[in-house]
Amino acid sequence: MNKLTHFDDSGQAHMVNVGDKANTHRIALASGLITMLPQTFDMVMAGNHKKGDVLGIARIAAIQASKKTSELIPLCHPLVLTHVSVEFQPNQETSSISCHVRAETTGPTGVEMEALTAVQVALLTIYDMCKAVDRGMVMDDIRLLEKSGGKSGDWKAPK
Amino acid sequence: MNKLTHFDDSGQAHMVNVGDKANTHRIALASGLITMLPQTFDMVMAGNHKKGDVLGIARIAAIQASKKTSELIPLCHPLVLTHVSVEFQPNQETSSISCHVRAETTGPTGVEMEALTAVQVALLTIYDMCKAVDRGMVMDDIRLLEKSGGKSGDWKAPK
Amino acid sequence: MNKLTHFDDSGQAHMVNVGDKANTHRIALASGLITMLPQTFDMVMAGNHKKGDVLGIARIAAIQASKKTSELIPLCHPLVLTHVSVEFQPNQETSSISCHVRAETTGPTGVEMEALTAVQVALLTIYDMCKAVDRGMVMDDIRLLEKSGGKSGDWKAPK
Amino acid sequence: MNKLTHFDDSGQAHMVNVGDKANTHRIALASGLITMLPQTFDMVMAGNHKKGDVLGIARIAAIQASKKTSELIPLCHPLVLTHVSVEFQPNQETSSISCHVRAETTGPTGVEMEALTAVQVALLTIYDMCKAVDRGMVMDDIRLLEKSGGKSGDWKAPK
Amino acid sequence: MNKLTHFDDSGQAHMVNVGDKANTHRIALASGLITMLPQTFDMVMAGNHKKGDVLGIARIAAIQASKKTSELIPLCHPLVLTHVSVEFQPNQETSSISCHVRAETTGPTGVEMEALTAVQVALLTIYDMCKAVDRGMVMDDIRLLEKSGGKSGDWKAPK
Amino acid sequence: MNKLTHFDDSGQAHMVNVGDKANTHRIALASGLITMLPQTFDMVMAGNHKKGDVLGIARIAAIQASKKTSELIPLCHPLVLTHVSVEFQPNQETSSISCHVRAETTGPTGVEMEALTAVQVALLTIYDMCKAVDRGMVMDDIRLLEKSGGKSGDWKAPK
């Protein structure tokens, strides 16, 4: 049995009807990481503290991308974001930078896709700014960590 | 020494000057994958062959996203794509679907970001359509596989 | 007397003030059709059932376009869609495909333009995908069928 | 046999490869019309000559929409328009207004979709501005009239 | 002490959390002006009354731009505008045209940026349409005049 | 005589035909400034050197806006930018920050509007980030400084 809600009974895609859903406060947390060469990692870290602020630019790109989610994902409902924040955690040992995004809204649909889209575009922007010195960077482990609000209730990724 | 080309000598971000670069034929291949529960994988596969075509919709989303790359990535140059194709390869054993994108242009800048953006949005669209049944899906191994054209020449990801 | 509400008393265009309107549940149904050569019609129908899914792609384009309505129509208010569905009805006898769209929102303004925009872009997308074999396709009878909600109440197109 | 070029040999949609096509001067002409109640027609005509310029606004909307064509039509190539003009011809006898658009580019792909998109959005904008007084307006006969340039050569709609 | 609310305690940019703010009716008024050569001014004025309607086009551009504010300003919240109007006041003596915009919404955030963005794009559009005859036009005195609604209450620019 | 090139002989707006214009290297420089309270100026300057980087964010917003120019200005031709840079010059004495933008392309149309749009959005972004502490900031003296390339040749603003 196909329970994918983005398709109607005849298997055709539609934008799911959320007209009867209550407006609730919704939060989603998502994360992902990009791994690079040690010398690329050092360059990004150097910039972060003085000039050449790669992570500052990736943060802005992520926030802007979260606002474009319903343009990018065909069956996503448009929604009015009330909060987006983006944190980066560098890991010297693995030459990687992880990105955590928190998105919030008050409305009838969740903000999981907004949080995930922001993570993806943050990582892509880091890739773009470093690709001239390191084309082999890899983006991994992009996932939802947690969501709350709405009829389906709270959810946390298993550890 | 900071060699990140998206910053000028004083460390400020700019859109790199490509006015002197030759127009060459440029190709980029990128890939990534999404891993899900076996029952989610089965639902996607069932739909792919008759109704509820998750991958068909993800393919369209990916092609459209490739055209929005310079809107999403702050320092990307706008460019005129001449070709985009998107392939999915399901792997029953790992309950995962990999996505390969090929992007092409003739111009002064490469299409790596367009190929990577298309991969990201393809995976995000699969996530969106299946999230009601499986919130724990993970996107991994998003990377450039190959690029050709331009002054920096050809590049292939090491195996 | 000019009663076109998109103009103020001095005849200048404005985005009509809807700040005092109540948020009500609003529905609009619109339709239109595209007529083609019999052999083009057969190609589209063939694709619809196995490969080369013209109508599946047109459906996605229509849903995405409905979200862009206020960008396309200058004096349209932005609104938050709660539902969009798109149906195609092929007519072998007339070699034509009709498209029906249903759009819904809860808010101070109607969704007629969202439904009509989705119909237009669905038909355009069919045209685009078939134009290499049939440039003479014609789009006709694009109209509102029905709307409900709001102060002006319900309306149905006369038969 | 399926010859729809927007699908590859396995029936999957792609953005057709135009990298080998020559850059030629391309022109497309498209048209369509909207029919309304006589009193609506009179209102539009009154505005056109002094205040409440419905057609002036529809013209601007059409030109702007032509620039958004590749965002709206999933498999359209982005292209750089070199000219767009929009003419309206009112017909008092039939209470209808026809719209003619001419679009031009120099490039590897045609501008038929840009011309048709502009016609559609011109008619939709007229509908939007008049819908408060006339919801039953109908848009018809939207078609390509003529195109020139490119490998497939010139084409004219049969009378 | 840094009280700029668009940065968190560690100095990183974020989209400020407005989830707890009440939905109130909000109004913003903004203005600005463009000064040109006397002969350019005369051309614009001539067009405004019969053909070549520079100000009519600038008004439409301004209204459309107000809807794009959250796309243009990185940390702006998306919001649903309920009213936008744009007035131009020509001043023959100084060969300048001033633009006043009023924007309204009901929501948790203000519409100051929407009003200011509309003013800027109105002036830019006038510049664009006249630049072939007068490249030296200057835009000045772009400012918020007044705002009401929200927790911070009413504000008026000092005379 | 009306010589405004954005109107045809009958006074109707069109996107000017540039199909016959040569592709030349084109450069435009534009500038503008925003004046604020001394304490606001100090906050921005503090952030610029350590945390809360207002100008870094305004620079990114300006570059992204330059890519959206033809979406914002109705009769602007789309073009492919080859370079954009944005500089800020703080003036402690006047509590103002000036913004200089340089935009370049190789094509048939100039980049004046792209440079001016970037300046406007840079200033608007500074306004947005500081408005919680200073609503009375004013943007002035937004103008073209210089342009080169194209049939109309070089131009410099008189001092």
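To keep things simple, chains are lettered A, B, C, D, E and F as they appear, and every chain counts its residues starting from 1.
Going forward, a residue touches a chain if its C-beta (ideal position, glycine included) is under 8 Å from a C-beta of that chain, and two chains touch if they have at least 3 such contacts.
Note that the coordinates shown come from a computational prediction; the quantities given were computed from them, not determined experimentally.
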Topological distance between chain C and chain F, in contact steps: 2
Copies chain A and chain D - rotation angle from C-alpha fit, nearest 5 degrees: 180
Same vs different contact residues, chain B with chain D, by half of numbers used: different
Which listed pair, A-B, E-F or B-D, duplicates the contacts of B-F in over half of its pairs: B-D
For chain A paired with chain C, centre-to-centre distance based on mean C-alpha positions, whole Å: 31
Mean-CA-position distance for chain D and chain C (Å): 15
Contacts with two or more other chains, residues of chain A listed in rising order: 12-13, 53, 56-57, 60-61, 64, 68, 71, 74-75, 80
List of chain B residues in touch with chain D within their complex: 25, 56, 59-60, 63-64, 66-68, 80-87, 104-106
Contacting residues of chain E [partner chain F, same complex]: 2-7, 10-13, 32, 43, 46-47, 50-54, 57, 60-61, 64-65, 68, 71-76, 112-113, 116-117, 120-121, 123-125, 127-133, 135-144, 147, 152, 155, 157-158
Residues of chain C that touch chain E when the two form their complex: 8, 12-19, 70-71, 74-75, 77-80, 107-108
Chain C residues touching chain B - in the complex, by the definition given at the top: 53, 56-57, 60-61, 64
